[in-house]
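Two complexes, one shared chain (chain A), two partners (chain B, chain C).
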Partner chain A sequence: MSETATSAAPAAAVTSGRAAPAPTHRSRSGEARTAYLFLAPYLVLFTVFVLVPIVYGLWISLHAYDFTLPEQPFVGLDNYTGLFDGSSPFAGPFWNSMQATYLFTVLTVPLLLVVPLLVALLMNGKFPGRTVFRAMYFAPYVLGVAVVSVLWRYLLDGNIGLVNYYAGLLGLPDTTPWLTDLPWAWASLVFVTVWWTLGFNAVIYLAALQEISPDLYEAARVDGANAWQRFWNVTLPGLRPVLIFVTSVTLIACVNMFGQSWLMTQGGPGTETRTAIYQIADTGLTNFTSGAASAMSTLFTLSLILVNIVIFVLLREREGGRKGARR
Partner chain B sequence: MSTATSAAPAGAGRERPGRRPAGTDTTASGRRRGKGSPVPRILAYVALVLLTLLFVSPLLYMLVTSFKTTADAGSATPQWIPDSPTLAAYREILGNPATPVLRWFLNSLLAAALQSLLIVATAALAAYALARLEFPGKKLVTLLILATLFVPPVTLLIPNYLIVGQLGWLDSLAAIVVPGAAGAFGVFFLRQFFVSLPPELEEAASLDGANRFQVFWKVILPLSRPALATLAMLSFLTNWNDFLWPVFTLFSPENQTLSAGLSTLQNANAVRYDLLMAGAMIASVPVLVLFIASQRYVVEGVSRAGVKG
Partner chain C sequence: MASLGLAGCSAADPLVDVGPPLPEQGYDGPPVELSYWTGFTGGDGPTMRAIVQDFNDSQDLIRVEMNTVQWAQYYQRVAAAVHAGKGPDIGALQIDQLATQSSRQTLNPLDDVLDQLAVSAEDYPSEVWDGGVFRDQRYGIPLDVHSLASYANRGLLEEAGLSGEIPSDGEGYLAFLEQARAAGIDEPFWMPNRWPAHLMFLSLLWQFGGEPYAEDGTEATFDSDAGVQALEWMRGVVDLGLSPANVAIDSQYTAFKDNRGAVTWDGIWQINDVGGTELDWELSPVPTIGPEPAVWASSHQLVLFKSRAPDDDKLQAGKQFIRYLAENSAAWAESGMVPARASAREEPEFLESTSSSIAEAVPTMRFLPPVPALGDVQAQTLELAVSDAVLGRVEPAEALRTQAARATTLMQANLEKFGVR
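So, the complex of A and B:
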């Protein structure tokens, strides 16, 4: 459809250029022509690097596609069935990586929904230095995964890391293998991810909190609601639209986790912390078995869409139920 | 997901970033505090200070370690003030031809600046058409662009790698500038902003005989400076920090970006934390400075995209 948009542009330009050299700006075809010209640069990028790849990815997944070989024979659904019946050499590693991804997601998402909310509530209100605090908690997010991972790899180093040193001072075990053994590796990956991205969600929550009308709190107080009741009946419903956004964004970010495990644990111990993206990138871009990697990424995407739909429906329904109850 | 597309009310972005809606001062906790005991307030401050420590001390330790000798950086007893501060780590990574950090820095800078420019230019044009012009297929184009906001990046990873390979762009600047500019966020972000601008201004200009492009260039763009700056900044940060894509599309040491280069540095020097922290500092300082200078825009941009979008 956007193909029509892009290809129609030059055609329209030619026709009107010939027939009507000076159309009025308000004329419909003139405006359409202008619109396509405005859209053209972006639509070229969008078509080549978003639309075509979506279709191309599916096509690749139906072929025994190896980047390094001259022929890429069509194999139908073999890449998919191989992952399900175990006949593909990637079946085991793939499902392990899916499991790792969803374990990481289940551990991280709830923390990234609740902790930033607590931080936002703490900062919601006028006090001196508020913007400074807000900036400080947001700062790690602007650093990017490479810096954050390298930094925490140092701090969590089992032998010379700060974390074990201070744990020792507090009388706790001071030789915890934070990055090289389970369950510590997962704890580290989850903690670092929360530390890194907490500020992003907190800032969104904070903005949403400030959109809630103070009158609602006033009315609740007049009705004799205590702090907890005010939170439950005013704050949470006010946050609900944003909650869908935050949940969705956080979920997508967590299932796409890659850099932390690539840099901090190298997927280890063994391949325990190898996430799906890690496995897909390794299969497709290091070993060049792109057919198998594309099939993996299709399955991965489908699973993600499914989870997102479930969450969306759940949050939506609860919202509807709430409104109904109040009326 | 539909909240993201439909909830943006007209007028959302009308005010300049940094504006405060009337009544912000009297938020719930602001009032609650007025009559309560000071204890919760003190507890809140204690919590804020502890959190601050948790956020600032790792970054501070990164800074401190980058000025340590190799031995001190690898010592089991942390030194917050180095015994013998030195620039040796910086000198070593900047001077090592296997890890040309200065070159990586320039690559990162160039890639992030070019992509940011490309995004702002193409997204502004497209967003204007979607916000203000009428044309057949408008709804479909809008929907398609917005729908891809929710396509997980991994869907594009393998095919885009092959497309970039077929274009002959692997291991080049084009690979890390162009494909990433096709994302839908910029168009979506600016469309919301343009929709909120009062149409009267454009009508006045076009009555004066300005064509659509002149209206866009002379009326819309100047009015949109804060939104354009926010988008440029967010795009710059995203590209500067991107990791997965450059790690796989850039091979030569001299073509790396800083964030991808850090993994080279890590693999080449597994336990040289003085070098790693110096490299991490070089990758951090520009974005931290950019962030501190434009903190308001970045944070506003993020919260506007989340709350109003």
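So, the complex of A and C:
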């Protein structure tokens, strides 16, 4: 829109020298107003549901805050220092939960980037029943976390679950404690999360795959490229823009994991599979120790921002390099 | 972070107000609707619903709307609701939560209205009655007592040729379990690592002569010798192969209903649920593994919630409903609970019920001390120690020592928070 406005300006200047700057200026401020009007509804929502809670949360983190008590004494940065020097009773559990979140993310994100891509590559081919398979892979994503978790909690139960029962029939070990011991609990949580959400990433990959021009494959073939070379030099570069989106969305989703461990392992064994969100919810909403919980969320948010900056920088440089090369 | 902001309520705190006296012949104001919150999600839910229905049918001025919230979420929701000015009028909650809820300013003291509610100390076992008091004020009217009990699968035992009585002493009990295993019930007693594992642990700890917490809320003492003995016994059941290892949440109960476990300890609130199966089963008090009989117990207590805008009509109507529930607590026996009122325990409705078989255990029932937020502390410490030890991840003594130290820290912080110091 702004491009047409600026390109129209010189033309106007030619026809009537003096009047030219005024309409340009007026239309720009008019455009700005229109833009703000369009943005307003979201800005209101953003302010009420994001900005205000962030500031309020920061304020809470400076107090020994419990909304059910008459007084909320100011404690300065105690909620933060307590988490760092271990003087807060929640320090240990909090750092354990951060570690658990890190572990879960590191295990899950690569799988959720690669497996859906393989699925999308298969789905992109032409074979009978393609639509059915597409629907099948996407289907679990439609389910809520409660349904998925309760379902798998029973399937994976170490003593009465179907998974171990069939493993036994096949002559495999049938007493694997899928939900009550490590590393099995992590394996289960990662597997269930991948099974549950891979459909979403696969659909996005699939859309991107269909955007890649067949001409490029044609040209590569003419140049004598084999299947692997075509994938490496045509498919992957074509997917790169989508990859940035998929990576950041998957990362955020994994870091925010809560429902699966709440319902499948109850954070156990012990508190090993308690994620940061789990610990924050428990501290703030069950124990009403909202000051400490807010301090935890602030630290958690900061670390998430940091990770996202790193990823952004990494991917942006690649992006820049690619553009440069093309030019 | 955003979700924590939802508590953004006004400065107004809920007010103490028990309303004008309830007329002797009952509520006579304009028609009102009362909101009544409970956590009866198990086999006990339909019974309470029926009682509420009966009350609604018994008169036409008061209509009670019952809302069922899982106990696990009940206490946090009710605190948030009352403080947001959207709380219920009346509720039933567990006796060990009275201290917490009154500290969180959600409950009205009931001392001045006991005669309006037509209840008095003589009607109730002293522990249950006294448990309704916190810091010299009464907040709860006892509805029932409920405890852990032992369920036995008679059908399965008889099939294995074990038709005799199940021993109720420690040595005899283990011998019996060994016998059951020898007779073909591979894993007769499934040992859970989560709910109700901590209730089993508390029962055993009391049996071995320990106390889990200091009465004044200053420290956790569940790492005592009694605690270690209790937890070692629980782990021992797994080590002896009488239970499978790694029993996940709810599995021991599912296995019992599935004819795989010969006995299981669970709450008497499951009576109607087990009763709904094809099993041939019986209920008895938890065996005395330690030197003295003891069993974890709790009591549902009726409360009148505070409000930020008290309404005289609702308060009066609420008192009438509490009176009705207290007077009709024999009907509540159908839920599997033991009515708290002594007279109700002599009525045929109770004497013919399954739970009457554990009435003899009432004198051995033990309750947690009234310490604010103790339930939250327990969930973060004692329950984890029990879980870790039963799963065999940590030695019982060490698990208890670590978690008791943490519990003491949390309890000390709570003393400060709730203004005891």
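Throughout what follows, the second predicted complex is superposed on the first by the 272 of 327 C-alpha atoms of A that agree within 3 Å, B and C clash if a C-alpha of one lies under 4 Å from a C-alpha of the other, contacts with A are read in each partner's own complex, and residues count from 1 in each chain.
Throughout what follows, contacts are C-beta pairs under 8 Å (C-beta built on N, C-alpha and C of every residue); 3 or more make two chains touch, one makes a residue touch a chain.
Worth saying up front: this structure is predicted, and the values here are computed from it rather than measured.
Colleague: When the two structures are overlaid on chain A, which partner does A:Pro128 contact: first (chain B), second (chain C), both, or neither?
Modeller: Neither: A:Pro128 stays clear of chain B and chain C.
Colleague: Contact-wise, after the overlay, does A:Gly171 reach chain B, chain C, both or neither (first, second, both, neither)?
Modeller: It touches nothing on chain B or chain C.
Colleague: Mind telling me which of the two, chain B or chain C, contacts the most residues of chain A?
Modeller: B
Colleague: For A:Ile252, is the partner it touches chain B (first), chain C (second), both, or none of the two (neither)?
Modeller: So A:Ile252 only meets chain B here.
Colleague: Applying the touch criterion given at the start, work out whether A:Thr301 contacts chain B, chain C, both or neither, answering first, second, both or neither.
Modeller: both
Colleague: Just chain B (first), just chain C (second), both, or neither: which does A:Phe49 touch?
Modeller: Both chain B and chain C are touched by A:Phe49.
Colleague: Go through the superposed model and pick first if A:Gly224 touches only chain B, second if only chain C, both, or neither.
Modeller: Once the two structures are laid over each other on A, A:Gly224 reaches no partner at all.
Colleague: Of the partners chain B and chain C, which touch A:Ala35 in the superposed model: first, second, both, neither?
Modeller: The first partner, chain B, only.
Colleague: Applying the document's definition of touch, where does A:Gly76 land relative to chain B and chain C: first, second, both, or neither?
Modeller: Neither: A:Gly76 stays clear of chain B and chain C.
Colleague: With the two structures laid over each other on chain A, which partner does A:Trp195 touch: chain B (first), chain C (second), both, or neither?
Modeller: In the superposed model, A:Trp195 contacts chain B only, not chain C.
Colleague: In the superposed view, which residues of chain A touch chain B and also chain C?
Modeller: Chain A residues touching both partners: 49-50, 52-54, 56-57, 60, 67, 153, 157, 159-160, 281, 284-286, 290, 293-294, 297-298, 301.
Colleague: Within the complex, which stretch of chain B touches chain A?
Modeller: 1, 3-4, 7, 21, 23-33, 44, 47-48, 51-52, 54-56, 58-59, 61-62, 65, 74-78, 121-123, 125-126, 128-130, 133-138, 140-141, 144-145, 148, 150-163, 165, 178-179, 181-184, 187, 206, 211-213, 216, 237, 240-244, 247-248, 258-260, 262-263, 265-266, 273, 276-277, 279-280, 283-284, 287-288, 290-292, 295-296, 298-299, 302-304, 306-307, 309
Colleague: For chain A, which residues are in contact with chain C within the complex?
Modeller: Going through chain A, the ones touching chain C are 49-50, 52-54, 56-57, 60, 64, 66-70, 89, 92-93, 153, 157-160, 175, 177, 179-181, 266, 268-271, 281-282, 284-288, 290, 293-294, 297-298, 301.
Colleague: Which stretch or stretches of chain C touch chain A in the complex?
Modeller: Touch residues, chain C against chain A: 1-5, 7-9, 13, 76, 79-80, 83, 103-106, 190, 193-194, 244-249, 251, 254-255, 258, 260, 373, 376, 379-380, 384, 387-388, 391, 393-394, 406, 409-410, 413, 417-418.
Colleague: What residues of chain A sit close enough to touch chain B in their complex?
Modeller: Spelled out, the residues of chain A in touch with chain B are 1-2, 4-5, 25, 28, 31-32, 34-36, 38-39, 41-43, 45-46, 48-54, 56-57, 60, 67, 119, 121-126, 131, 133-140, 142-147, 150-155, 157, 159-160, 162, 165, 195, 200, 203-204, 206-214, 217-218, 227, 230, 234-235, 241-242, 244-246, 248-249, 252, 255-256, 258-259, 262-263, 276-277, 280-281, 284-286, 290, 293-294, 297-298, 300-301, 304, 308, 312.
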